[in-house]
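Alright, structures below, take your time with them.
Each of the two complexes below includes chain A, the first together with chain B, the second together with chain C.
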Partner chain A sequence: MTLPQVDLRIILPEITVGIAVAVVMVWAAFLPQDRQRLLRWVSGIALLLALLEVFVVSGGAAFGGMYVRDSLTKSLQIIVMLTAILAVWMSGAYMERTRLETGEYYALLLSAALGALLMAASADLLLLFLGLETLSIPLYVLAAIARGDLRSQEAGMKYFLLGAFSTVFFLYGLALIFGAAGSTSLARVASAAGTGSPLLLAGIGLVTIGLAFKAAVVPFHAWAPDVYEGAPLPVAAYMSVIAKVGAFAAMIRVFVLALPGAVVPWGTALAVLSMMTMTLGNVAALLQSNLKRLLAYSSIAHAGFMLTGIIAANRAGTSAVVFYLLVYTLMTLGAFGVLLGLARRGEEADDISDLTGLAWRSPALAGAMTLFMASLAGLPPTAGFFAKLYVFSAVLDAGYVAVVIVAVLTSVVSAYYYLRVAYTMFIGQPSPEVEFVGGRWVSTAIIVTAAGVLLLGIIPAPVTTFLEQVADALK
Partner chain B sequence: MIIPAQYYLTISAVLFTLGMVGVLVRRNALVIFMSIELMLNSVNLTFVTFARQLAAIEGQVAVFFVVVIAAVEVVVGLAIIIAIFRTRSTVDIDDVDLLRG
Partner chain C sequence: MEFVVFVVAAAGALAGGVGVIASRTPVRSALSLLLVLGNLAVMYLLLSAQFIAALQVIVYAGAIVVLFLFVIMLLHMRTGEGRVEKLRWQRPVSYVLSGVFLSALLWAIWTGTGTQVATSPAGFGTVESVGRSLFTTFLLPFEIASVVLLVGIIAAVVVGRPVVPPSARAHLPPPE
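Right after this comes the complex of A and B.
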């Protein structure tokens, strides 16, 4: 028997991260509790190495066309590595303080990143499914990683049960698509799409439900606020970004690249979903007093904004979604980073009132938070403004006027609750219970994300030019 | 006697629906989880049926992946459910309601 030739160099970043997962997991068993922080360094270095490899490794396809490394893969994988690196930086101090710092935490974090890397590169629904699960299952465990904490356990269980439920829908859809197209390869699915078989349509509908759940798109969003609130702060930060990157990578691969909009009418369906998501996410965020819940609804709202770029289904839309993902990563992790720099009597300072008067105690931290909030609201001169501008103009070109109207109106609503957070920091007496606990690495993460948000808001051109080649993956 | 593929597809759709109803109706986390496993197995049956009908090996390969993923989910899911049972002595999802929403 001869095995097919596979050039493993093409998946070098995935191999690096995969080895790091195994090394960190096994090594953790042999290290005493006070030396587990060594694994933080191992994870960080492995991720930096993998990021370097993403830039170096040349493109192509492997594993019988299941895996493809093109410019889209490259851009999305850079965002994944950036997310994971920032998450490792931001986690250390919190995990050490709460005595949760163990090797498993970093191994799980890395393996979720591995899943997202695979999703970004999949040209086959089966690989997409494997990536989705490699991403999701570690996140279920991470949500529950504060084992003794009732709220963390509850978050883990809710995320797990609803996540497993949505996975089954994705899988059933995959099975039906396989039945209709005779293959799980996205290229074969694309060529079978022309027949418009009801089996295929049902399959695509079910796959959409699975992906919409992971991206927290209304009406499949119900888990997000509870899970974010219950999960430890660094975990909430990490999963709000990494799950989004994975899900939107998959949506680009499935909808924009494989299914031409004219044949399968998914555009209108997604347009309805995105309008619901933008409206509900932004309106519900108005009512929140807990910052984790507020950021959860904000992440739902941003999923709606990103979805508009998918609906556009054109070159501009695709590169706009990737740009949006990059900006979303920076501003969301930045906002969570500021929260990680604070503590209320040793607990998470996750209430808006905990920020009262912060500007007088720490102008730098308050300034950074204001910047992130302005960017999340989409105000110039921050990166959030251009992110929204690009997706909205792409979807306008595609002729979805109603979507753009809803998007712009809900953006105005969102400015209210984001700026309320910023406003709180400049009024009132600072609470003496709130203390600064960030440390060097959290500060580094905040500086990096703030610089990114500001730079991309002032001179987005170099990055957008780079991302324009992402659309070359489109036919 | 050869049983046509439609029968297998129908029974897997029925199993999937039963599992779905189970998830929505039952309140015990373990039973919900069992219902999800039932749905996973109905997906497997669909895959095998199509693989046989289309003479495409990919469908059978997919089943192996699904079985592995199901096993991993059992490990993670039971661990979380047991952790909850230890602290609260219940796995009824209506009693696990600290987080509002």
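Right after this comes the complex of A and C.
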């Protein structure tokens, strides 16, 4: 029996994060409750180290072509690391305040990042599935980590049951694809797609359902508002970004790079899904008074916007989706960061009315929130504007006019509810019950994300040029 | 002969599947699941996947069903009866949707098996070939699976640990 040539250097970032999970978990057992904040540093440094390694480690394919580290992998993994670092950075104060800061929290956060890293690098459906599970299982538990809170428990349970159900779809699809193609390798699946076997098509459809659930695409979105509302604030922030990054990384790998659109008509199917997602996400967000629910519907709407870049299935579409993911990470984590900085009598200040008059008491915080809301709505000169511009122009080039019309119309609708949040901060008297509790870590995280949103909104060219080169290198 | 075994096993698995969802008491559902899993093991044997068949009996039929029974015993100690259903209109809708889903899948499999289906290599399904592919072709997924299991253990620790009551928390030093 010949053992395979294994070069572990190529998966160094994943190994680093994996070791960090174990170290955090073991170390936590020896630290008293009041010193668990040390683990924040351990996780943060491990993630920074892994981020450094993403830049340093040379590319290529490994493990029989199952794992591929190309420039797309690198850019997606950088976004994953950025998300995880910001999440660790912002959640510390909240977790300490609510006495939830334990080693398990950081270990689960890191393992979810590990799953997203793997999804970004999979060239094989089996590895993609395992990455998806490594990403999902920690998120189920993180949603329920506030054990004393019934809403958190409900969120965890709901997410777990529905998530497990969607996993079954993914696995069933994987089995059908394996039956039709004889392999789970994306390259082999793509070449087998030429036969147009119904078995393969059914398999791809089922795999799509599994991924659409993770990205909260309508009609597989029903879990999102309840889970976001029930989960502790930092967890909701982290999960709204990391699950999207993983799911859209997988969609780029499976649809744009592997499956020829001429043979498998996935473009039309995803176009219908994206139009439904944009419409329902934006219209339902109009009715929300709870900020976490509003951001949940906003995340659904943004999944629809990002999906349009996937449908485009061209060079511009791929780079636009990656750019959108980066911008989405910054503006969503920024908006959640502002909420993390506030508290209503020690509870989460998650109602829109809690923001009343905020601008007169903490102008900087209100200014940052206004910036994030403007970016989420896609107004210039924020990064959200360019993110939308790029995906929409990519999908217009691909000839999906109806999708662009729906996208632009729903963007206009979205401006109403985002700006309503901003408007609330500038009217009325501030409630004495709501106070700023963020501390310097949350403040710096808000400053960093706000700077990113502004910088990418004013001079997006360096990043977009780089991402275009990434997309060029792929085909 | 093979066909007869298949029909018997398939009928058993179907009966078990209906039993899982139709039984009123959870214990009967769990035991019906045992029937499903046992019959599936026979199917795996028919498909020349001996190793998977053995695992199916040991892990699923053995360990997992026993675990289910333990959980049911702990949760519903007296009667073992579940709660009354509250969702009314979802039931007919779910019948229709799952009917559509089933016919779509059946159609795909019906028309799909006519075309070229991948063939299994020689020695497929033995312990040796499964082990060989686990440590060569599927080395990375095999390792990642261990990470998934680790995450599962951490998850069990988080979910299973008792909630710290507020009175106990008062003894902790206040956060800075």
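One rule holds for everything that comes next: the second predicted complex is superposed on the first by the 470 of 475 C-alpha atoms of A that agree within 3 Å, B and C clash if a C-alpha of one lies under 4 Å from a C-alpha of the other, contacts with A are read in each partner's own complex, and residues count from 1 in each chain.
Keep this in mind: contacts are C-beta pairs under 8 Å (C-beta built on N, C-alpha and C of every residue); 3 or more make two chains touch, one makes a residue touch a chain.
Quick caveat, the model's predicted, so the values are computed rather than measured.
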item	value
Partner chain(s) touched by A:56 [first = chain B, second = chain C, both, neither]	neither
Chain A residues touched - chain C or chain B, whichever exceeds	C
First (chain B), second (chain C), both or neither touched by A:179	both
Touching partner for A:137 - first (chain B), second (chain C), both, neither	both
Contacts of A:150 with chain B and chain C, given as first, second, both or neither	first
Chain B versus chain C as contact partner of A:108, first or second or both or neither	second
Touched partner set for A:161, first chain B, second chain C, both or neither	first
First, second, both or neither for A:126, with chain B first and chain C second	both
Contacts of A:225 with chain B and chain C, given as first, second, both or neither	first
Common interface residues of chain A - those touching chain B in one complex and chain C in the other	126, 130, 133, 137, 140-141, 144, 147-148, 156, 176, 178-179, 182-183
Chain A residues within the chain B interface of the complex	126, 129-130, 133, 137, 140-141, 144, 147-148, 150-151, 153-158, 160-161, 164-165, 167-168, 171-172, 174-176, 178-179, 182-184, 222, 225-226, 229-230, 293
Residues of chain B that touch chain A when the two form their complex	9, 16, 19, 23, 29, 32-33, 36, 39-40, 42-43, 46-47, 49-50, 53-54, 56, 58-59, 61-62, 65-66, 69, 72-73, 76-77, 79-81, 83-84, 87-88, 93, 96-101
Residues of chain C defined as touching chain A within the complex	104-105, 107-109, 111-113, 115-119, 132, 135-141, 144-145, 147-148, 150-152, 154-155, 157-159, 161, 163-164, 169, 172-173, 175
For the chain A and chain C complex, residues of the former touching the latter	1-4, 6, 11, 18, 21-22, 25, 33-34, 62-64, 66-67, 96-97, 99, 104, 107-108, 111, 114, 118, 124, 126-127, 130-131, 133-134, 137-138, 140-141, 144-145, 147-148, 156, 176, 178-183, 195, 197-202
